[in-house]
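Heads up, the next two complexes both have subunit A, just with different partners, subunit B and then subunit C.
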Partner chain A sequence: MFAYFIRRLLINIPILIGITIIIFLLASMMPGDAVLAMISSETPVSDEMIKMRQGELGLDLPLHIQYLRWIGNLAKGNLGFSFVSAESVSKMIVMRIPATLELMGVSLLISILLGLTLGTISAFKQYSVLDYSFTIFGFIGISIPDFFLGMILVFIFALKLKLFPTSGFITAGEEFSLADNLRHVFLPALALALVRTAVFMRYTRASILEVLGNDYVRTARAKGLKQKIIVLRHVMRNALIPVITIIGINLGVLFAGSVIIETIFQWPGIGMMFINAVTARDSPVIMGYVLLTSIIVLASNLLTDLTYSLVDPRIRYE
Partner chain B sequence: MTKLYKVLALVLVAVFMLSACAPAATTTPAPEQPTAAVEQSTSAPAEPTAAPAEATTAPASTGPAGVLRLPLRPGVTVGSLWTAAGRHLDEAFLSELAQVKWTADGVQPMLAESWDMEGDGTAFVFHLRQGVTWSDGEPFTADDVIYTFNIYANPKVGAIHAGKLADVVGYADVVAGKTETLAGVTKVDDYTVRVELSTPSPLFVELKVPFISILPAHILASVPADQLKGNDYWKHVVGTGPFIMTNLVEDQLVEGVANPNYFEGKPKLEKIVFQVYADSNTMLAALEAGEIDGMLYQGGGIPVDQVSRFEALPNLKVFGNMDAGLPTFLLINLNKEYFKDIRVRQAIMYAIDRQTIIDTVKLGTGTVSNTMFPAAWARPDTLIDYQYDPEKAKALLAEAGWDSSRQIDLQRYYTDQVNKDTVDAIAAMLQEVGINVVVREVKSAEFQASVDDGSLELAYAANGQGLDPSLGFLVTGCGQRLSVGYCNERVDELYKLGQSSADRAVRAPYYQEISTILNEELPKIWLWYEVRPVAFDTRIVGLAEHYAEQPLLMFDVPVYNEIHTWYTK
Partner chain C sequence: MAATIARLEKIRPESLWSKAWKRFLRHKLALFGLSVLGILIFSALAASLLTPYSPIKQDLRNLRKAPTAEHWLGTDGVGRDILTRVLYAGRISLSVGLVSVSLSGAIGILIGVAAGYLGGKTDMILMRLTDMVMTFPSLVIIITVAAALGPSVYNAMLVIGLLTWPSIARLVRSQFLSLRTQQFVTAARSIGVSNWDIAFKHIFPNTISAITVAITFGMATSILMEASLSFLGLGVPPPTPSWGNMLRDAQSMNVLEGMPWIWLPPGIMIALSVLSINFIGDGLRDALDPRSLL
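Right after this comes the complex of A and B.
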């Protein structure tokens, strides 16, 4: 088991390097660079200024040199500095992660609680009216894009009913207060959560139904065990395995953030930082973000796999 | 490019093979193993549907008393030396020697109480205001002015507005790296600075000085020029402006409180907050919900098709026809052989029914233009009026031997619905006469790259010239990148002559001659002069009133509009 863990860790390193190379190449293929992205034809800048800035940022060097520079800095533990604001990339990420964690955490919590509960009810009351309505809700939820849902929520709850603010982290001009902050996180978290709730619900329902149909459950019933004990001891533990997979994958999203929702709701997380960096061709920030999310996705995959063996004794690693 | 793709493909294959080699678990009934995909939408935010146009019944504004809340776009919190869009932070926290007045008819003395012009603009002597203190208590002196001028010109800093000092003696040496001080800027005494110019520029104060926001030498002089950008100062700006910065969160908000020692008097407002919005729809929703007190011109202002939505709100004063000082045109690459024939460009002008587009798609906003300058004094009464005439267009194209199978790429980087429809209408009209135009939406960086690598063909663009027609040089002068191959020595000569005097009566004939040449030679396809609707909450007394007196928008220069006199009802 330990050997497996080490092997997985080691093979993640070349995968990470490969990912960074791919992203670096893709980012370089985008037309324009950081300096060109900063200027607009509404307020023109002369050629010499542009060339000077490009030289300073090292944008006129060949691609592999730029990449090696970045790797060299990384080896020293330095993620570089933003082309746009000259701020340290690691500082930028550290500053913005808490907001993303809050948003994704709240949304994940809502969707896990709702999804598991509704899915379980749905499975045990299969083919009832409740089950059908949850199924329909599930299909709607999976089909609606989260940004569209976000805009609908803003329109209904913020503009018409005026229950929640339209955007932002806290109310402009006021001191930070937790209550105010939670009011602001509610709509974006809900927009994200509703879609995931539907996914979790479907998975839970399917998984429980699959386990319910197994022989050992029938045996337990035949033995005369109470329904409650069957559910808790036999069904849930086994049904939760695929659900753990889904939750584990979503852990990666916890840090990556949702670019679109953060933009619509002006939530100052790293998702918004990333899309701004892409538009501004801010390579150091793009690479820093991609490195961070790749590490997290790989780590959460590993964590998920290890958790299986805890939950399901049939799973062994060699 | 193909080499890049090959490398990319190789690395992709390698990575996939590696991940497949990752040791797998041995399981009996295997649970599903979905592939690990980072679940995020990396596509740029799709165009959200415009919120329904029905009016919402908003109660009277309930914003906090004494606080002015304004929206900003991202990227403006980097510091005044590098801000490419909007100088609202400079208006609030810093000052210049002189600031452009909101009435657009001159400059207001600020840190310079008065100035003397030597000769016909060969040098200026600035008499600085005395008794002004920085927000940390240190006195403002000539040292700050000299430091600021030098740092703006320094190539290691990469200031966007460095070019404004191009006429100062010694600029070439500083740019070449031979020295870090401008020879032409000298200290006469603690409150007097002399600036010598290499070419006589009587308009130096009106057109260049307002862009230079004065920075504190006692804080920044010790910072090496190439480390200035990431410096902590920009997060805690010490300035001489009406407000003192108290909090800056990158790309989120900037807050400030009234400066009790402001040299024009302590502002009546207590606090100013700038809220950053990445998406203009979010900005508009915030305005509608009363979370901000106005919509500025950044990011397009209020789209013309949504003006009625905001006019219905009782607490907002909407300027639906605010002149943006923005000539809009089709940028045309004159380096391409097929665009060199004047008849082709004339044909394009005749093929586009500009008045109809204005009346329909643009809901009647904007005025047709046949040349470039938005300022009426810079245009003669008689210009060729390219009235819509598709038959004439076809005839001209036939004469010029235009090949209608050739596909022409028309780039557009504005993303709002009105501009999308406008460009689509233009494309349709051009296709009518046999010019096979295909519209392509691009991001700013892509468009700029196409200018540099010569792949540009046509692009829908605009240029801010609200401050002064001399700004037009940057898009029509010889060798300028946005001239894209246009060069007329006479035009360059006229631009020079146009700056030889501060008297508008003397300047007008020169610009009128440029207008005539641009109208005849068509280096760009002139379309119209844009409006950019803006709106302000009437609870801030003074905000809407000053914009009512502002004849047009002046892009990216700090504007003096007596913000210290505003207050909340």
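Right after this comes the complex of A and C.
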């Protein structure tokens, strides 16, 4: 088990190095750079001044040197400084990450509760009207772009019914209060949750149906066990294992998938920071964000594998 | 005599494909999807015949008009007919989906075949590469690459195609791994068939049904990604309409609250086309499942 863990961890190192190289190349491909981005068209700036400023930021060095400088700084935990605001990128991320985590957490909670419940009902009432309606709901869930769903939710619940605020983290000009904040997080979290609700529902349904077909369930029935005990002890315990994997894999996806929703709802998380950085061609911030999300995807896949092997004793590693 | 021959011809065994087609026709959701997608494709292609308006020309006397008899879905911020734009946008959005999924299918198949057929070191290296691309949070990377390349229809196709192939590569590889130990492969090898022919003429045809299903779902994903990119202003650049960039108008609260005719139609078109393709994919999966064909 321990050896497996170590091996799994080591496999990720070359992948991570490859990712840093690609991220770096991408950022250096961006048209224009920080210096050009800062120049406004109204004040004339001489080419020499541009060159000088580019030199200060190290933008005139050969690419591989710039890459090594970046990696060297990374190793020290320094993600560089924003070209636009001169803030430290790591500080920017640390400041904004709680908002993203809150949005993710609430959204994940909604989709797990809804997805597992609907999936379970669907499986035990297979081929019923309810099952078919949930199936179609699931298809709709994976087909609507989350930002369009977000607009519909804002239109109905914020603009027409006035139940929730349209955007933001808290009501502007007011002291922070949890109730107010939760009212703000609800709509974006719901918009993000629909896709995953559909996915979790489909997996729960399929997984329960598979377990229901097993011999040991028939044996349990033949023994005359109560339905409730069969469901809880024999079916659900086994059926939820694959569902855990899916939830784990979705953690990483969710983390990176909130960029557009954060932008629409003006949610001050790292997703909005990333989109703003893309607009401003602020490559240190872009690189920091992409690196962070890639690491989180890697880590959540790794964690998922490990949890999986802990819950399911049938899985063995040589 | 002639009657006997006619009867004998009738009981000729059905081909696998015609059986699959029959199963597909029994899938109600898939049929619904096929019809809706058919209508969407037709109306996109025939857009210039269906509406008298131009998707690009501005009409400053008719700004943000609510639906009327002349403009069935109203007009946008510079007076362009929404219905016209939605139809023309279908051309762009559907072809970005089609081209990028073809690109990702081609890359995925080549890498999957190479890894699964050649095995060994090639497999190891190709699979690490696949893992790496898979680890990238795809939307984030697509946004970054699109920003680096600049917004254009072709860049959108390229970026989406270049980042969505890993799932197809993995699928093809796993199929090849199980198929290459089969007897028909050994037989082909023993009579001296070349590696290329074994891979593409003997093994590959057996993987087509699985690839078809994967590519269908991939097309749905590609359309969603194009919509996201264009919505962020990194995909199809204006004034060319795409469903995603038409939704950009709804970023203004005035439009979102008071003029739903501007943003509802393109959003509904995205959802409808993706939903139809997903239904078709589901139908194909049921119809092409080798276990159900026996």
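Basically, the second predicted complex is superposed on the first by the 296 of 318 C-alpha atoms of A that agree within 3 Å, B and C clash if a C-alpha of one lies under 4 Å from a C-alpha of the other, contacts with A are read in each partner's own complex, and residues count from 1 in each chain.
Here, a residue touches a chain if its C-beta (ideal position, glycine included) is under 8 Å from a C-beta of that chain, and two chains touch if they have at least 3 such contacts.
None of the values given here were measured: they were computed from a predicted structure.
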(message) Let's test your reading of the overlay: on subunit A, do subunit B and subunit C clash or fit side by side?
(response) clash
(request) Using the touch criterion from the header, give the chain among subunit B and subunit C with more contacted residues in subunit A. (result) B
(request) Figure out whether A:Tyr289 sits in contact with subunit B (first) or subunit C (second), or with both, or with neither. (result) second
(message) Between subunit B and subunit C, whom does A:Ile140 touch in the aligned arrangement: first, second, both, or neither?
(response) second
(request) Could you say whether A:Arg281 touches subunit B, subunit C, both of them, or neither, answering first, second, both or neither? (result) both
(message) Going by the contact rule set out at the top, does A:Met151 touch subunit B (first), subunit C (second), both, or neither?
(response) both
(request) Using the touch definition from the top, say if A:Leu161 reaches subunit B (first), subunit C (second), both or neither. (result) neither
(request) In the overlay, answer first, second, both or neither for which of subunit B and subunit C A:Met29 touches. (result) both
(request) In the overlay, answer first, second, both or neither for which of subunit B and subunit C A:Met49 touches. (result) first
(message) Is A:Ala179 touching anything from subunit B or subunit C once the two structures are fitted on A? First, second, both or neither.
(response) neither
(message) With both complexes superposed on chain A, which partner does A:Ile260 reach: first (subunit B), second (subunit C), both or neither?
(response) both
(message) Which segment, 62-70, 170-178 or 278-286, is the subunit B region that clashes with subunit C in the superposed model?
(response) 278-286
(request) State which residues of subunit A lie in both footprints, the one left by subunit B and the one left by subunit C. (result) 11, 14-15, 18-19, 22, 26, 29-31, 147-148, 151, 154-155, 159, 166, 252-253, 256-257, 259-260, 263-264, 275, 278, 281, 293-294, 297-298, 301
(message) Considering only the defined contacts, which subunit B positions touch subunit A in the complex?
(response) 1, 4, 7-8, 11-12, 14-15, 18-19, 21-23, 25-29, 31-34, 36-42, 44-46, 48-49, 51-52, 56, 64, 67, 69, 74-75, 77-78, 82, 84-85, 155-156, 158, 160, 162-163, 175, 226, 229-230, 249-253, 255, 271, 273, 275-279, 281-282, 285-286, 288-289, 291-292, 326, 331, 442-450, 452, 461-464, 474-475, 479-482, 555-556
(message) Applying the document's contact rule, which stretches of subunit C touch subunit A when the two form their complex?
(response) 29, 128-129, 131-132, 135-141, 143-145, 147-150, 220, 224, 227-228, 231-232, 234, 247, 250-251, 253, 256-257, 260, 263, 267, 270-271, 274-275, 278-279, 282
(message) Considering only the defined contacts, which subunit A positions touch subunit C in the complex?
(response) 11, 14-15, 18-19, 22-23, 26-27, 29-31, 136, 139-140, 142-145, 147-148, 151-152, 154-155, 159, 166, 252-253, 255-257, 259-260, 263-264, 274-275, 278, 281, 286, 289-290, 293-294, 297-298, 301
(request) Over in the complex, which subunit A residues touch subunit B? Could you list them? (result) 4, 7-8, 11-12, 14-15, 18-19, 21-22, 25-26, 28-33, 36-50, 52-53, 56, 63, 81, 84-88, 92, 95, 146-148, 151, 154-155, 158-160, 162, 165-169, 171-174, 241-242, 245-246, 249-250, 252-253, 256-260, 263-266, 268, 271-273, 275-276, 278-281, 293-294, 297-298, 301, 305, 308-309, 312, 314-318
